[in-house]
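In order of appearance the chains are A, B and C, and numbering begins at 1 in each one.
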Amino acid sequence: MQRFIHSMVGAGAVALAFLSSGAQAQSKEPIPIGVIANLTGMDVKTSTDMVRGIQIAADAVNKDGGVDGQPIKLIIEDAQYKTQEALNAATKLYDVDKVPAVIMFGGSSIELAVAPIAKQKGKIIVNTSSSSAKLGDFPGTVYSVLPLDDIVGKALGEWTAAQGVKSAAFVVPNNTFGTGLMDAAATAFEAKGGKIVAKIAYSEGQPDYRADIQQLVSSKPDAIMTTGYGDDSRTIFKDARTLGLKQVWYAGYPSILTVENEAWMNGHLMGVDNGGLSGDVAKKVGADYAAKFGKEEPLPHVFYGYDALMLIARAAAAPGGFSATTMAKSIDGYQGATGAIKWDVRGQRIDPPIDVISYKDGKFVTTGQQ
Amino acid sequence: MLDFLVFAVTMIAIWSVVALSLDLQFGLCGLVNFGQILPFALGAYGPAISAAHGGSISAGLALGLAMAAVGGVLVLAPVGRLSQDYWALVSLGASEIFRLLMVNVTPIAGGQDGTAVARVSNPLAALGLALGLLLAMLLLARRIDRSPLGRLMRVLREDDLLVATLGRNPFRVQALVTVVAWLMAALAGALYAHVVGFVAPSSFSVAETFIVWTALILGGAGSLLGAVVGTAFVQFISVSTRFLAAWSGLPFDLVANLRLGIFGVVLVLVFLLRREGLVPERKVRVDAVGP
Amino acid sequence: MLSVRDVTVAFAGVRALDAVSLEARPGRILGLIGPNGSGKSTLLNVVAGAIAPDSGSVSIEAVPIPAGRPEEVAARGVARTFQIPRLARRLTVIQNMMVGRRDQPGENLLTLLFRPGASRRSERALVVDARAMLARLGLIHLADHAAGGLSGGQQKLLSMGMALMSDPPVLLLDEPAAGVNPVLVEQQIVFLKSLAAEGRTVLLIEHNMEMIADVCDDVVVLDAGTVIARGSPVDIRRNAQVMRSYLGETA
């Protein structure tokens, strides 16, 4: 028995030495930053890319020594696209993990429920994906990296009308990303006198979309406005080609579409995109993404997530530490993956740069600015 | 930490009332309702519709309760004397129809994106309201449970022809239970709306109905306390898996799905190992001097 | 008086009952006998309101019963038992007995919530009556047992007691002696006679000829949906046709 106790004490001492030496090597407490995204349920793909963008940013910050030596620690929670779960996640992050800020993916039903709680506790939310105008009702609490009212969508509608298109149909995925862009583009297009022939929001993950777009054969719009990504966009193009649809495609975020037939698409696809996404920072983030996650094309959400975390890190590094004041100033001089960021007094993004992009000879090229 | 626990307990209390309302229908009366989220949703959408159109809080509450009472009878009526299987399916369909209506008809209450509702800003006040509601509903349920009405419902649970033979209209008893249960769930829904401060269709899917069922079965159908215990248990597993997920250090997308998987596995295991539920149904003692 | 007039019931082209008529009087026990499949249970179901006849009618005191509505017929004062006893097996014996009484104030939700005293008073009286009935049936020692745990014969006694709790002027009994041990059958016979003495109308389906002979004042014989004989038990026993169609064994 005596020998047992001695050996336990000895083991304990060794363990203690190990732990304390480990503690010494780490000189500072990590800064916890919360992330709430829909990792299950709806909008999973876009949420996941946003989180990946945040991780790329956090890794970059930590590689550079963190914020004054303090590493950033991400705590990622699943909202399951349900209001109550988002609240569970938010209260856990703010009260238990004691994060000063949470980066949130939407929809607005989730972010608008969490916003009052963040406000009550004097905490911050950085919005990366919801473009609801109501988010502007929480100045000092909610900061949006995504432009409100989907400025890319609005730009698409205006630009398409400016190209002389008189009638158009929409083909977008039926999620908040697709329908949000469609609604903004439709409003802008109609304001410029355009006529909308059809609004097709297709269910994601189907093997065939001919039934959905069949109506375009008879309704014959001048052009088709779209956005989308991945296999679904590929299927849409293939089905359109098979049906003999000859219209030009005007897209929001054209570079994330998957072209099915290069020859057929050549010169038939153009659109507008967030200008910053072709900048140097975005290219580097894209490269990091490819290195970490393979060949998938990053969705715009990657860049919004990246910028969100970078801004938080900048605010934390500013004199006085992280606060609403330093957060508001964090955009000063920051060139992000989504370009230069400008906020109005409510912390909502305005005047983002817009690029015009065309698909030529198998490549997406930037042909101008809006 | 305190706010987190206060919110968790508030939610447990609210969902316990929903489980209790299902217990009245199923545990006591044998009615299988696969759409119990519907009266809860109606109770929440009353305030939402009122808020979206400039109405008052009390108008919202009245609307929610009215929709639930009418809804319960409307859903039950076409089934009438048909068998239980039909009612299970009809109630399931009704809950989905309502949810899809709210998703697609945006002018009613904001569609997919939902509507904000006046929020109880003091978390302790919210907790107090929730616990108060739970207590009141427990007392009501207990009153019914131990009464001749409760006894009749238990007979109905086993044999509806026997009930008719004994001179009572089984359909009327079913309708009464349904209306009471739906009003109960609607009250919980209205409180939920004002505690969360936001009402959106994604909170009222079929998955929610089955989580309430799970809570009821685990806690012990037929036992009133079981509804509360089961709900607390299910919420506890859901919340604690969040902490486990964070500690595991696994990649975030994997761990989110694993978390839901573990949630399901734990529930199945508990059910397999203790079929009668955590709180088994006890022998009923009726009001008067027991024999 | 219970009167059945020209009742016809057809299931998928087969006539389960073909223009059957009979009368049962208060204070008398009418036995209904016949081979299996002769329509006895169908007739009982029609009288109880569980089946609506295709033609003909059933009347109590000259007022026709609402066909196809068993709860309304029961409210008119008709109580019945089933060949395989219908009980709430998970409730106790005394709880089953108490459900037998109709018009309990405690079954009305509003009374329950706002006039609890009325409910409690009624329950107290009901417990006393239920115990008395259990004692009368020799089941009082099983009062707190789950009804599902009783023997077949005891369950039959219990269901007869339940039927009586509503003080019904008319009683329909479906093979009370089937599968019951002879001692309990004797008990049932005494019980049935007391029912008639109380002035009730009793209609009894049975195969047990001893019981029929001992208890019935009148007997009706059914075969393939039609009445082939009527009379006192003695008459029936002597009826050659009846012997041929049904009674294989010595009477």
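Heads up, the rule we're going with is that a residue touches a chain if its C-beta (ideal position, glycine included) is under 8 Å from a C-beta of that chain, and two chains touch if they have at least 3 such contacts.
Model, not experiment: these values are computed from the prediction.
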For this session: Could you pull out the chain whose C-alpha mean position is farthest off from that of chain C?
Result: A
For this session: Give the identifier of the chain nearest to the protein's overall CA centre, each chain being represented by its own CA mean.
Result: B
For this session: For chain B and chain C, let me know how many angstrom lie between their CA-based centres, rounded off.
Result: 42
Exercise. With chain centres defined as C-alpha means, what is the inter-centre distance between chain A and chain B in Å?
Worked result: 36
Problem set entry | Intercentroid distance (Cα basis), chain C paired with chain A, Å | 75
Problem set entry | Contacting residues of chain A [partner chain B, same complex] | 39-42, 44, 48, 51, 75-78, 80-84, 87-89, 91-92, 94-97, 107-110, 112-113, 116, 120-121, 132, 134, 176
For this session: Enumerate the contact residues on chain B facing chain A in the complex.
Result: 1-4, 7-8, 11, 112-114, 116, 119, 121, 196-200, 202-203, 238-239, 242-243, 245-246, 252-253, 256-257, 259-260
Exercise. For chain C, which residues are in contact with chain B within the complex?
Worked result: 48, 50, 70-71, 74-75, 79-80, 86-92, 94-96, 98-100, 102, 104-109, 112-113, 119-120, 122-124, 126-127, 130-131, 143-144, 162, 166
Problem set entry | Residues of chain B that touch chain C when the two form their complex | 140, 143-144, 147-149, 151-152, 154-155, 158-159, 161-170, 176, 180, 283-284, 286-291
